[in-house]
Amino acid sequence: MKIGLMGFGKTGKAVASVILDNEGMSLEWVFRKRKVLDHRSVQEFLGVDSEESGLIYSSFTTSIEQILDEHPVDIIIDFSSNTVIYAYGKLAAKRKIKIISAVSHYEKEEKKLLKELAKQTTVFWSPNITLGVNYLLLASKFLKKIAPSVDIEIIEEHYKGKDGVSGTAVKIAEILNIDKTNISSVRAGGIVGKHEIIFGFPYQTVRLVHESISREAFGNGIVFVADNIADKKAGFYNFEDLLLPYFLK
Amino acid sequence: MKIGLMGFGKTGKAVASVILDNEGMSLEWVFRKRKVLDHRSVQEFLGVDSEESGLIYSSFTTSIEQILDEHPVDIIIDFSSNTVIYAYGKLAAKRKIKIISAVSHYEKEEKKLLKELAKQTTVFWSPNITLGVNYLLLASKFLKKIAPSVDIEIIEEHYKGKDGVSGTAVKIAEILNIDKTNISSVRAGGIVGKHEIIFGFPYQTVRLVHESISREAFGNGIVFVADNIADKKAGFYNFEDLLLPYFLK
Amino acid sequence: MKIGLMGFGKTGKAVASVILDNEGMSLEWVFRKRKVLDHRSVQEFLGVDSEESGLIYSSFTTSIEQILDEHPVDIIIDFSSNTVIYAYGKLAAKRKIKIISAVSHYEKEEKKLLKELAKQTTVFWSPNITLGVNYLLLASKFLKKIAPSVDIEIIEEHYKGKDGVSGTAVKIAEILNIDKTNISSVRAGGIVGKHEIIFGFPYQTVRLVHESISREAFGNGIVFVADNIADKKAGFYNFEDLLLPYFLK
Amino acid sequence: MKIGLMGFGKTGKAVASVILDNEGMSLEWVFRKRKVLDHRSVQEFLGVDSEESGLIYSSFTTSIEQILDEHPVDIIIDFSSNTVIYAYGKLAAKRKIKIISAVSHYEKEEKKLLKELAKQTTVFWSPNITLGVNYLLLASKFLKKIAPSVDIEIIEEHYKGKDGVSGTAVKIAEILNIDKTNISSVRAGGIVGKHEIIFGFPYQTVRLVHESISREAFGNGIVFVADNIADKKAGFYNFEDLLLPYFLK
């Protein structure tokens, strides 16, 4: 699979290094707004040992149309900001390039655009692209269905200084239909990220725990998504759409 | 639902007290081999405040046929030993009484008998009747399907003196198709029972944890099973059969 | 050691059964306000197999002076309410009977009385008598001394319905001089009691965890205290006084 | 404090970046066997924003004597291999330079040399320089003294592929005088490093847990040690010597 990557911030870099490491995927290019690193080799910059020839292109020197024509890809992976979809969305859909977006916060309009594009090509969007977290969302939803009256509490732990309640914890609470007051936020030292969902039964307790080790976890999520939308028709997909079929196997 | 209970050991007593506590269920009788407590009231013996009139009957003074005739029930719950099914199985099946068995170790012959009985009535069997543990089995099987190459390890903790590896841990290892050397057994103090399944990804870790608080957990499992087989036709069911439909809801 | 026990509520009963089980201790009597169970045998009532001859006395039929004269003891253990110390304190101190009090909430006046009695006999008081919790208090205080700028957070988990923040968690926060907003309280199902103190360093995390299995944990704390004040002179002691010397051994 | 660093492997680099970040310390030089990076600036190589002027020197181009003369330091920190102490030990001791060694495996002869050097200067050695792990060692030793008959078990978790039982877990077992069969080793995914010591009491459980987030944890340990030996006379010290005084404060 030939891959193009939108965005080259901290997470974008981590994702790029996982893609370079993956045998079934070839990173054709990275596109970013900033001018820094323009036309540098991705693998050289990241210090990854790979024969892939992907370059970094800046919006200052190159247009997206030009890249898509000269360096065709099967999938565009988007770790940039919410407006970038306007720049490449229609061009990609027209060329039947599949879109995987991990942008956290889309407004209504962008969500509408994604669904529009999904008429022409395969569009996947998930604000959290970690496999483990998405598994937790589904597995906890399932346990709540089995035991609707169980007490549910969420503990999320992150590094000191992280502002606000973790977006993932809020998402879990929404999906489980529990109040946000049931989320406990712990901020201490350098904890990368831990989410624990506690299901309290009268005589037993079930805990579903996800611990992040590093940002590269997003890269593994991307590989999973790319593998699982490879044979999907045009349409709009989220993580649950990809995970649920595994139950029926 | 009118319930008859086979067996009145430690777990049988815990289950009886949960049934007495449950509004939708009425404990009609307890049947046990031993002579002790014959014709005593269950609720009085357990010190439970309940209006149900169930008595304890001993095999020394009463036959199963007599009990089934004089005190008809909808469901027989079996927490006794593996041979007791021979005493009541056919009598129950003939009367279309549903059977829920939580006997841990059946031999081939008893399993064969259960399947025979399942042609006439609804038969459920699970060697571990805890809701949480059975959820863990299914949820972990599902995660392995999603991520077949993930590293899986099991830690089980129990009170000092518990012999051998926990049967539940062995069952989990079998279902996940991992080697028993991946089970770590911890024996310390008065730990009631903890099972932790660790899924190690390169950059993230998922942990599914079940902690037992007390034996009454079996009672809640029974209530769940009874509720879920209430409308099931004759046939042989296990926990997965009852849990899977919740995914599709 | 001959023991007299004040109070026979849930915790008092759990403590009595641990004392009956302990070879070095003999339970001479239980004194309680209520009339129920008057002059019944403790071991018989608790169903414990023991040769000790302790009886339950009610304040309705027997005076404390009478008991102390007819059934002399070395130690009085107090799991009753805060005013009972007025009834037995001076009588005990005069007879050089050691006092171990685990009453949670004393007012200033009772604390003053305890210190007064401590001039004549050995007086120990701790609002939480669990060995593990008291170890945690000391061990966490020590870690804070080593690393004064470490981030500290407390998570406490208890059964649904427990009101307010756990008193033990508040005590930990006070001793570590951290704000009560750093305590997260989780209420779910039948969790007996769990306290976790998280020390977040930039690149590592230390967690001190205490899990209660059952009320009998108080009994073991009492045995530890009784053993450790056996050779102590008159004076006022708390748990830290008994634990610290172990460091220097 | 002026610091010289022996060794520039993965851990050496992590330690260097913590020292560069620390206000009270100035990294004067790094000495390494290999020729690579000779005379490069440490902060430039590590991409750390610092005004310290430390260079990397290789044994191929520079002698230790020359470095010690031209770039005097207060402390030498040794993260190299076990034989390097022969190269700098006597030269350092003569100049009253303090030595902090974190080399994992010294043979008898090197330990003998360290004690010899300790007659002239302050020598500190600990095979594990993490603050949290050393705290755990001491805190668990203390709990065992309080409760000599408690059941102790150790669980250590590391990334898939780590060979053998963790050296830290073995050290804990030795200090607590428990059998190595009480260590459970879990190997899964990318777990950086977790050690859990379980103390099982009849009715309660205490868990002491250490989780490594990254290699930089060693750097913080070094800072702690350097701060705490600053005012120590000549002599041989280990981590317990530095930690114990905090109890008495």
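By letter and in written order, the chains are A, B, C and D; residue numbering begins at 1 in each of them.
We adopt the following convention: contacts are C-beta pairs under 8 Å (C-beta built on N, C-alpha and C of every residue); 3 or more make two chains touch, one makes a residue touch a chain.
Model, not experiment: these values are computed from the prediction.
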Task: Steps needed, at fewest, to go from chain B to chain D via touching chains - done: 1
TODO: State the chain with the largest centre-to-centre distance from chain A, centres being mean CA positions.
DONE: C
Open item on the list: I'd like the Å distance between the centres of chain A and chain B, where a centre is the mean of that chain's Cα atoms.
Closed with: 41
Task: Sites on chain D at which at least two other chains make contact - done: 189-191, 199, 201-205, 213-214
- [ ] Spell out the residues on chain A that touch chain C in their complex, using ranges where they run on.
- [x] 150-153, 155, 157, 159-160, 184-191, 198-205
Open item on the list: Which stretch or stretches of chain C touch chain B in the complex?
Closed with: 189-192, 213-214
Task: Footprint of chain D on chain C - complex, ascending - done: 130-132, 135-136, 139, 142-143, 145-147, 199, 201-217, 219-220, 224, 243-244, 246-247, 249
